[in-house]
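All chains are identified by letter, namely A, B and C, in their written order; residue positions are counted from 1 within each chain.
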Amino acid sequence: MSAFDLLLGLAAVGVAYAWVFGRHARCGWIITLVYAIQFGVLLSMGGLAYSGRTPVAASFGFQFLGQSLHWRLDAVGWFFALITLGVALLASGFMAGEWGRTWRARGGSLRGLHLALALNVFAMLVLLASGDLLSLFIGWELVSWASYLLMALDGVRARDAALRYLTYALAGAMAILAGIVLLWVEGGDLAFDAVARLLPGLPDGRLWLLVLLFASGFGIKMGLLPFHLWQPKAYALTPGPGAAFLGAISSRMGLFALLVVVIRLFGLDRLAGLSVPFGLFSARDLLAWVGVLTIVLPTFTALRQQDARRLLAWHGVGQTGYMLLGVAVGSDLASAGGLMHVFNHASYQALLFLVVAGILHRTGTTDLNRLGGLVARMPLSFFLMLVGIIGLAGLPPMNGFVSKWMIYRALIDAGSPLLFIGAVIGTLGTILSVYKLLHNCFLGQLRLEHQDIEELRWTQLVPMLLLAGVVFVTGWFPGLVLDWVGAAQAALGLPVLAHTLGGVARAHGGLDMIWLVGVLLGGFGVGALVFLLGGRARRVHPLDNYAGGHFLDSHTRYQYSDDFYAGLMHRIGPWYRGLFQRGEEALVAWVDLLSLAMQGLYRQARPALWLVAALVVSLSWVLGAA
Amino acid sequence: MRLGFELVMMPLLAFVIGLLMVLLLRRIGARLQRRVGPPFLQPLYDVVKLYAKRTQVSHGLIHEIGIVMAVGGYVATETLLPVPGMNGLADKGGVITLAYMMMVPSLGLALGVGQCANPNGSIGIARALTAMLAYDIPFMLVIFGAAWVYGTTDLSEIIALQQHGAWGVERMPLLALAGLMTLPALMGKQPFEIYVAPAEIATGPMVEMGGKFLGGLFVMQAFQLYTLGVLYATLFLGGGENWPLFLVKIFAVVSIPMTIAWLYPRYRTEDMLSAMWRWPLLTALLGIAMVMI
Amino acid sequence: MNDRVQSPGERVTRTNPLAHVFDELSRFCRSRSLFILHYCTGCGAIELPPAMTSRFDMERLGIQPMVTPRQADILLVTGYVSVKTLKRILLTYEQMAAPKYVIGICSCTVNGGMYWQSYATAKVLKAYLPVDLYIAGCMPRPEAVITGMRALMDDIAAGRAESWKRYYTHYDHYLGNQQALFGENWQTPTDVLAEARHYGLLGERSEGEHTALLERHQQPLEPLTMRLRAPAGGEEKA
């Protein structure tokens, strides 16, 4: 029995336990313990990521249609599995204590939540270890349905959003299946290495088709433009810890599949060779530009959101673009940046979703116009959100800066000003949007109805503090993550980044975060000394405030929250056109029409005849193909 | 040892030079209005007076931390900027890191202002962040172009390359021009000071700042002027061969935006966005096209 | 603590040998850097622009206009003060950071001037808050304003302009006059006594019958403290 068998077995135990004992009061803690053991098992396989390059195989497998299905965890899978289990562990810890009790008291199904989370972890482990295209597809379907379960837990609106996701996911699965069938028809073997041998010989047209099928299929799960519409709503309506898990890692499964299939099997060079008119625009450029558009447009949609959870969910879509952009540019620095961003994004996104879940838990709302001033009542949550937003915005000293720096630097090396400026615009938009988030939740005037709320309990704070610790420490010592990233790069056949503990040592401009964070902290120390030089400060009542001579009293609403970036919106407001929204509506209308027509056709007369005709046609196609 | 000395000296020099730059700007403003202007040590008097105020009104811990971050962030940033004879940590970060480090003090200020719970302050911050979105797009393009032309992001290497060859302004005149066009907005000077707008939102971010809080912001402004002057001189004017030349260059750089500042009335936020996204951006794109093709 | 609670002529024992140097330096800097808040109540305001702009240029003396009371050192009251305006002036004054100075410009601030007979005008400004300097005239010319400013600067540098302390040490007196004018429900959102206590300026005449009256109906003005748990839970953390 290999370590991977043990891991999968433990995940299955978690699922079974949640299924049977899900209503039990201590269930949450025991499942958390199971995750912790899984995490330990995964870490014990750590040699995988550092030095050994042999994947850990599962001891089971199947034969199906002459294809052998097998599972093995390599360095890429390990890297993603590490994030999956880490986030699952902390999310489960978050909901095991007071949060879960309250949620159940309010009518939520805690058993359903635990079960869905455990199923997600199991499904993801299956997917991450897939050893050929068929097992990949099986894992893919498992993950899709497991996410659906997690999304559909919280009320009718959530179920609607989840159903929308499912529609997208099924379409994506069909695209992937079509791609797999095409490959099977071409080569007859779906093992990864066989496909890798087959692909370079295929004609350009066929390859384009395959790239588009796979990229759009996986892209739907990633939430790439233009397939992103399902994601924000579905994630925003998922209950807190579930949203943290989904936002942190679930859609990264799309990226994983894209890496394993499109990047590893096709190869970036082959993708760059696939070009339309006169070699100006290649499949690789397509991926990079989809990445940049996915950065810019959703980020600026996030800027307009009035709800904390939606805002974060939209940023989740936007940040995916950096990962794809990094990988598509494909140099050692860029792909390391893209892969590292997976880790970084998971850490701060999970943190932010958990903080917002905490705010929802305490105040009952995430409406950014109904909060404010919470820093006085939930100071630790404020601090945690601050760490999270600095990471999300990609500013020093948090880890988000490091991965984004690598991508910027690689784009300078590659000489792509437009991609570069797209990435920068995304970062700037993120800064604007996350400041609004922090300001409207925690800063400004404390509302009367929030005077007496309390900080979260330690069961909720500890997982968040751990995540914040990860965000800060991996920002200070990015080399810790870059070790794993390097192993993943090697497993993917990408050039491996030479790195140091502090970042990247490179001729012509490297990065050493150890020094930078050190000097920043030192600077803050000097700032504090300079501050203390001045006279002793006296805290005043919030209503002792400048209002142009007006006398403020406790019933004066003195908070600026709505239409936060009014001036900006005067200029760019008209640029938001809901293009994708309307495209989706048009598509839905067409499908509606088509299905109505079909319905009419087969209601009209003799359904049996149509059935026979369809059967004959499909049989003849299958026989003809064989 | 040597590095430790540099890490102390660089922020200190930046502070002194920054105060002189504040003086320079105020003198230029005065001369343009046919006034005498403030005495030589005026910026120092202001800062000392503010720190020595008896009443120091604070709206809470975050208000105080915000000011600490605003000053401390710049203290750290100055160590990334090479000056004649001192490289500090220039090889550890480079120009992209510098551009992002400069946002840390602004974030600190934004936090502090947020805690004051004054809508004028919040509006000011919203406008300041919008301004950042406006000017950073052309500005980052300028940085991209310069880094691409020099083939490095290491500022000390950029200086060495220019001192042994042509200055940046010769090799990429359009990018230098675009940088100069964004400079007034980066400095937050007229006509791009909508986020201060004294008569409308009561100096925006500064509305609840008194005593050492305002003093911290004065210090921050001094650092900001210095940083921008040195960064521009480093990218396009060959950095500093020696101190006198270096000082001439950086004072010239910061005095240009101030000299033209009074020619324009204040732009509204949306007009500022148009202004930044039109000519500076086009110039920067043209400049990049010129050096890359 | 107790030795600091004294009247304006307070002598605080300073252990730092450089304390006098620091005091001297800060007094000098205060006198050379004056941020003014012009509360333009009446006609006198029209004389300030010439004092600031190219003809007389106050900036060469280190005087520049500021916008909010938090930033300002000098409150310029430039003309007649109606009862309604006086409330705002008091709020503004209380929000300013000490050391702070008040200058009454125009005759109206001295004795009501041509509005002496008006039912709606507060005639003697210094009854409601300590005034450092009057610049009389109707209106005083910019030269007079500048001269007044110079006089104030000399006072500050010599340590004579300490009347802001009177507001704390004689708060009851000022509050009494204010209550007489505005009624007994009068209060501002600033907590003057707490500030006096914080800076050790609470004197014998700070509190009295008028502050007692104020405390009876005053809304609590404690600063918002950061805390993890509601005080009812027992463990309060500041």
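The criterion applied here is as follows: contacts are C-beta pairs under 8 Å (C-beta built on N, C-alpha and C of every residue); 3 or more make two chains touch, one makes a residue touch a chain.
Since the model is a prediction, treat every value here as computed from it, not as a measurement.
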Min route length, chain touch network, chain A to chain C, equals 1
A-B versus B-C: which has more C-beta pairs touching? A-B
Based only on mean CA positions, could you tell me how far chain A sits from chain C in angstrom? 56
How many Å are there between the centre of chain A and the centre of chain B, using C-alpha atoms for each centre? 35
For chain B, jot down the residues that touch at least 2 other chains. 52-57, 59-61, 202, 207-208, 211
Could you tell me which residues belong to chain A and also touch two or more other chains? 373, 375-376, 379, 446, 536, 538-540, 542, 544-546
Would you mind listing the residues of chain C that make contact with two or more other chains? 68-70, 95, 195, 199, 223-224, 226
Would you tell me which residues of chain A are touching chain C in their complex? 373, 375-377, 379-380, 446, 452-455, 536, 538-546, 549, 551-554
Chain A - residues contacting chain B, complex: 373, 375-376, 379, 382, 386, 390, 394-396, 401, 405, 408-409, 411-412, 415, 417, 420-421, 424-425, 428-429, 431-432, 435-436, 438-439, 442-446, 507-512, 515-516, 519-520, 522-528, 530-531, 533-540, 542, 544-548, 558-560, 564-568, 570-572
Within their complex, state which residues of chain B touch chain A. 7, 11, 50-62, 64, 67-77, 79-80, 89, 91-97, 100-101, 103-104, 107, 110-111, 114-120, 122-123, 125-127, 129-130, 132-133, 136-137, 140-141, 144-145, 147-148, 151-154, 157, 194, 202, 207-208, 211-212, 215-216, 219, 268-270, 273-274, 285, 288, 292
If you look only at chain B, which of its residues touch chain C in the complex? 26, 30, 33-39, 41-42, 44-46, 48-49, 52-57, 59-61, 198-199, 202-203, 206-211, 214
Residue ranges of chain C in contact with chain A within the complex: 68-70, 87-88, 91-92, 95, 188-191, 195, 198-199, 219, 221-230, 233
